[in-house]
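Attaching a single structure in structure tokens format; questions to follow.
In order of appearance the chains are A, B, C, D and E, and numbering begins at 1 in each one.
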Amino acid sequence: MNGASPLPFGDVFFGWSWLDAIIRIVIVVLIMTVVVVYLTYGERKVVARIQQRLGPNRVGPWGLLQGFADAIKLLIKEDIRPRAADRWVFEFAPFLTFIPVLMVLAALPFARDWGVRNVTLGLLFVNAALGLNIVGIMMAGLGSGNKYALLGGVRAAAQMISYEIPLVISIICVAMVAGTLDLNAIAILQEDRPFLLLQPLAFVIFFTAMLSELHRAPFDIPVAESEIVGGYFVEYSGIRWSMFQLTEYASLWAFSIFGSVVFLGGWEFPMGSDWGWGWQLFLTFVKSLAWIIAVMWVRTTVPRLRIDQLMSFCWKVLLPMSLVQLLMNGFILVYDWPQELLTLTSGIGAAALVGFILYRTARHPSVAHLVGAYKRAGAQAQ
Amino acid sequence: MATEILWWIFAAAIVGTALGVVFSGSVIHSAIFLILSLAGVGAMYLFLMVEFLALVQFLIYGGAVTVLILLALMLTRMGAGEKVNGSQAPAGFMVAVALAAILVSVAVRTAWPGDTGDMPHNIAIEAVSEKLFLDFGAPFVIASALLLVALIGAIVLARQEDGE
Amino acid sequence: MVPLENYLALSAILFSIGFYGVLARRNAVLILMSIELMLNAVSINFIAFAAYLDPDRIIGAIFAVFVITVAAAEVGLALAIVIRLFRNRATSNVDEAAIMKW
Amino acid sequence: MSEEKATLPPLAATIKKALPRAAYVPGLTKTDLDLRVAPAELLVLVQGLKDNPALDFDYLRNMTGIDMQENGLELKYHLYSFKHGHTVQITVATPPGESHLPTLTGLYAAANWHEREAAEMFGFVFDGHPDPRNLLLEEDLRIHPLLKAHPLQPIEVVQGIEDGKAGFDF
Amino acid sequence: MSIWPEERLSHADTEGFHTVDMTINVGPQHPATHGVFRMVLTVDGELVTACEPYIGYLHRGLEKLSEINDYRQAMAFWDRTDYLAGLLCEQAYCMAVEKLADIEVPERAEYIRVMLSELSRINSHFMFLGAFGADVGSFGTSFTYAWRERERIYDLLEEVAGDRMFPTYYRPGGVAMDLPENFEKRCREVLGHIFQGIDDLDGLLTGNEIFVERCRALSPLTTERAINLGVTGPVLRSTGLAWDLRKAEPYSIYPQVKFDIPVGLRGDVFDRYMVRLAEMYQSARIVEQCLEQIPGGHFLNPKLPRNLRIDDAEAYVRIEGTKGEYGVHAVAKGGNRPYRMKLRSPSFCNLSALSEMVVGHYVADAIIILGSLDIVLGEVDK
């Protein structure tokens, strides 16, 4: 981002902005690798807890070094390229998926004025960059010379293009309320209340679309293990496979920080600006952790959607709801109606969305008698 | 000076990848060269200090258009083995070279008014949006209608019928 | 710094390359890609002119926005036609679609 | 497999009444009524058993091929009627070297895989079968392992247990 | 419906154009095929247009092995057919041998057999619930929950028979040894856990909107077609026909216990799932009644011959296996070995209906439909 914001973001190392940017990005990348290693460990522990298992507990105390052991194993593993693969496409795809995440990390604020760079169009930038990592996925799907990979690539493309629309619209809703695209400024605006309270519907839509962009259950269709055995990265091994894994967890982390900045007040709420940067970092950490655990929780309990259900959920439910949110925001902001109205309308919308899903959870009518029968029989037997 | 060197690097990259688009033998390689080329154009917008447009370029071309093209490639299963160039390729080559020569010479020889050596300054997004929504309101609405029509048209065309 | 002529020359070369692609290629998707190249060349021109010659430097960017919009619509529609063509005729070669009927 | 008419279940009489012209020899196994027919009569009999409303054998539950060594191959069908709840066994014996049988796939879709299995295991030829490939064995394998005298039989005799030794103690 | 002229297709054909079908090889090493099963799906985009199952990867020559082994020895091969409920297979085999040799079984042995077989049925259905949940994509949570209960049942089996999966516990004429002393207490304990486990899985799967939405109205089968295809067991009962061999052709002590036959309405995947869920309650009910009714006496017929030799005899014994009608066609012609032993395996017959059931559905649904048939490859391949 050469010509991006010329204003310095915090203190500049040695007064030389290029060197400063490089040092900062290196630090962020190093932190990211550690975060990713512990995210994999944490995910395995959380999933194990939910599934009544123990999870990794052998390498190091409580299995804390398991992630590093896995990383070493992946690094020294043989790098296999199928003969049918398109060589350069196949080999560059993992790196192309990773670069956008790196770009996102360069624009995220971790605390007040703490980050690589403050991009004035941060909100748009993050979206644009996250939209790019589909290219690497498509390249992996096309270049692997494998039908599962091809199917995974097709599914990923269809899914990510579709869900990008409600994702962007839900973020635009927040931008309307905030009146700026600068992530740092958005966080500062949430000093007294997070935007979650003003835009619950946008939050629900954002969270759902984010799960889809991350290929997390119930939207893990492109990587569906039981259908297309891993999808686009089925042919990868060793370091290239670990690049995909790194991308997955790094983008989970990036999304969690981005989401907590945009909706939960990031490092600012509560008391962020009063209690100093230590508290701000802690707030970012806690919020992104809560976000990540929510994602993992959803992953372990929810089955996978089918591709047509996925599409119709996006185009028939999420997109109209996000447009409704956009429209309501427009009216309320143009006529300067009180902000409570935002909360109210958006809350009603969110309740309608969640209620719609809950309503459909009602049991299948054709087996109602069956459920009753076996419950009774079971009661008798007990 | 650094900016100029960077500019030349990017310009060379754009031209090189664009040549890759039209000369590569594999359709998939062409599509990937296209992505790189369009990303280079986005970088050009940054040189011209239109950050907003650069991001839109990344978002629309990188995230959507090229992905659509790749998706079409996947769905139509066009891979190696298909003859990609038509019989008019040599003639087309000559015409294109001539066109390039004429356009470049026109661009270079014309005396442009004003100081063309100046580095443009940044355009604020607020200014763009004001212009777009106030002065260009009608074209904006028409463009939206165009998008909607294209969306519906694409659905109607690509829809799978019964019995297929 | 970088003068305007550089942008115009770059744009001209990019346009010619796209032009060659349109003339030479037979595959509909490849022709579409070449058209994208030409459209981008035009966008560069718009913005370069606006940045160097227009006092408020905005109109060119707005035109580029419209170009991108039209390009997106065009790609969506054209690819739908290509997929349709492929389903019906098992080809995406424009020469073979010359019968003008399905 | 005694031939005493008195022990035959009532089903035998029902069949006799419903299909008076069918050519079969009734018998009895430990569990079911057994009808023994010639290969040429099989299709007519099964068709009758399936279509007659008093019998209504709508379910082909099993098909067993047996190698009777010098007497050729035998194929046993088990039919069941969900409506009446009765079951019947049909035995078809084919002469050695000429194990052609009509396919039942037109009557029962379930016969498809059963017949493929019987064909590959015993070498039956089902005339008119839509997909006569090997099912469980390799597609180009042309030995029939369940025959009593298939190419690997000598090894089995060595490995097997000779009759005459006692079994396990309980 | 079509807006394109009808002659289009013929025109395309005469010009020599042809589309190349894309085929996907699902299996033999695929996470969703539950063993070494392979099916080749011809797909148009995501829709399956043809399905060709390939079986036989696990063919062990069960029938040949039975022919060359002693009547009592061969039983060890039979509980490896449906290895999720080995005791049911043993029961069928023993019943066949008993039928051939006219051996009486003491009533206590029958009760023991029924109890353990029903526990095996519950075990197998738990496996179905867990694996089916994983097929639908719930990331193994249902799997571990089902596994918890299966472990308990296996522990109980181990206490009774000395082995977990392949006990080889039944004998022609009874069972190998008597029940351990605290069996009743332990069994009631396990049953309590089983009810809890069924409720857990019910809540996890049936209570989930996505799961219900994925399964209902998917691949419905009519009763007529199911009968013609030779489909039995829960798949047949899900079409609405209350046909259970335990009631239709009662054997063992089933006439003396009370249980219901759960049936579905539409024969879709959801009904198949619900029928199995309901059956587990019924099986548990049977076990409880057996615990109350079990008489004393011999557990093995004391008048068994030392060497079992059977003259000319033929019997087709069928029981209600976990997957449907588990039939054993035994032919004796003198000697201590059977002349022919034929297994009518329910999985084999149910699987033959697969290719008809998946056509026209999505690839993801094909996996679910395969899962809903609940095949065991040991039984399919014999």
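In this text, a contact is a pair of C-beta atoms (placed from the backbone, for glycine too) under 8 Å apart; a residue touches a chain by one contact, two chains touch by 3 or more.
All values reported here derive from a predicted model rather than from experimental measurement.
Undergrad: Set subunit E aside and report the joined-up groups of chains, separated by bars, or one piece if nothing splits.
TA: In the absence of subunit E, as far as touching goes, the chains form A, B, C | D.
Undergrad: Looking only at C-beta pairs that count as contacts, which pair of chains has more of them, A-E or A-B?
TA: Output for the comparison: A-E.
Undergrad: Where centres are the averaged C-alpha coordinates, which chain has the largest centre distance to subunit C?
TA: Max centre-to-centre separation from subunit C belongs to D.
Undergrad: Quick one: subunit A and subunit C, Cα centre-to-centre, how many Å?
TA: 33
Undergrad: Provide the C-alpha centroid distance between subunit A and subunit B, rounded to the nearest whole angstrom.
TA: Taking the mean C-alpha position of each chain, the two centres sit 29 Å apart.
Undergrad: So what's the Cα centroid distance for subunit D and subunit E, whole Å?
TA: The mean C-alpha positions of subunit D and subunit E differ by 24 Å.
Undergrad: Subunit B to subunit D: how many Å between their CA centres?
TA: Centres of subunit B and subunit D (C-alpha means) sit 71 Å apart.
Undergrad: Hunt down the residues of subunit C that sit against at least two other chains at once, touch-wise.
TA: 87
Undergrad: By residue number and range, which residues of subunit D touch two or more other chains?
TA: none
Undergrad: Would you pick out the residues of subunit A that each touch at least 2 other chains?
TA: As it turns out, subunit A has residues touching two or more other chains at 154.
Undergrad: Mind listing the subunit A positions that touch subunit B in their complex?
TA: Those residues of subunit A that touch subunit B are 1-4, 86, 89, 120-121, 124-125, 127-129, 131-132, 134-135, 138-139, 141-143, 150, 153-154, 157-158, 160-161, 164, 168, 181.
Undergrad: Once bound in the complex, which stretches of subunit B touch subunit A?
TA: Touching subunit A from subunit B are residues 3, 6, 26, 28-29, 32, 35, 46-47, 49, 51-52, 55-56, 58-59, 62-64, 66-68, 70-71, 73-75, 122, 125.
Undergrad: State the interface residues of subunit E toward subunit A in the complex, per the touch definition above.
TA: 22-25, 30-32, 45-46, 133-141, 143-145, 148, 192, 195, 198, 204-214, 216, 259-260, 262-266, 270-271, 274-275, 277-278, 281-282, 284-285, 288, 362-365, 367
Undergrad: Tell me, which parts of subunit C touch subunit B in their complex?
TA: 1-27, 29-30, 32-34, 36-37, 40, 43-44, 47-48, 51-53, 56-59, 61-62, 64-66, 68-77, 79-84, 86-87, 92-93, 95
Undergrad: Can you tell me which positions in subunit B touch subunit C when the two form their complex?
TA: Going by the criterion above, the answer is residues 3-4, 7, 11, 14-15, 18-19, 21-22, 27, 30-31, 34, 37-38, 41, 44-45, 47-50, 52-53, 56-57, 60-61, 64-65, 68-69, 71-73, 75-76, 78, 82-86, 88-89, 91-93, 95-97, 99-100, 103-104, 106-108, 112-114, 116-121, 123, 127-128, 131-132, 136, 139, 143, 146-147, 149-151, 153-155, 157-158, 164.
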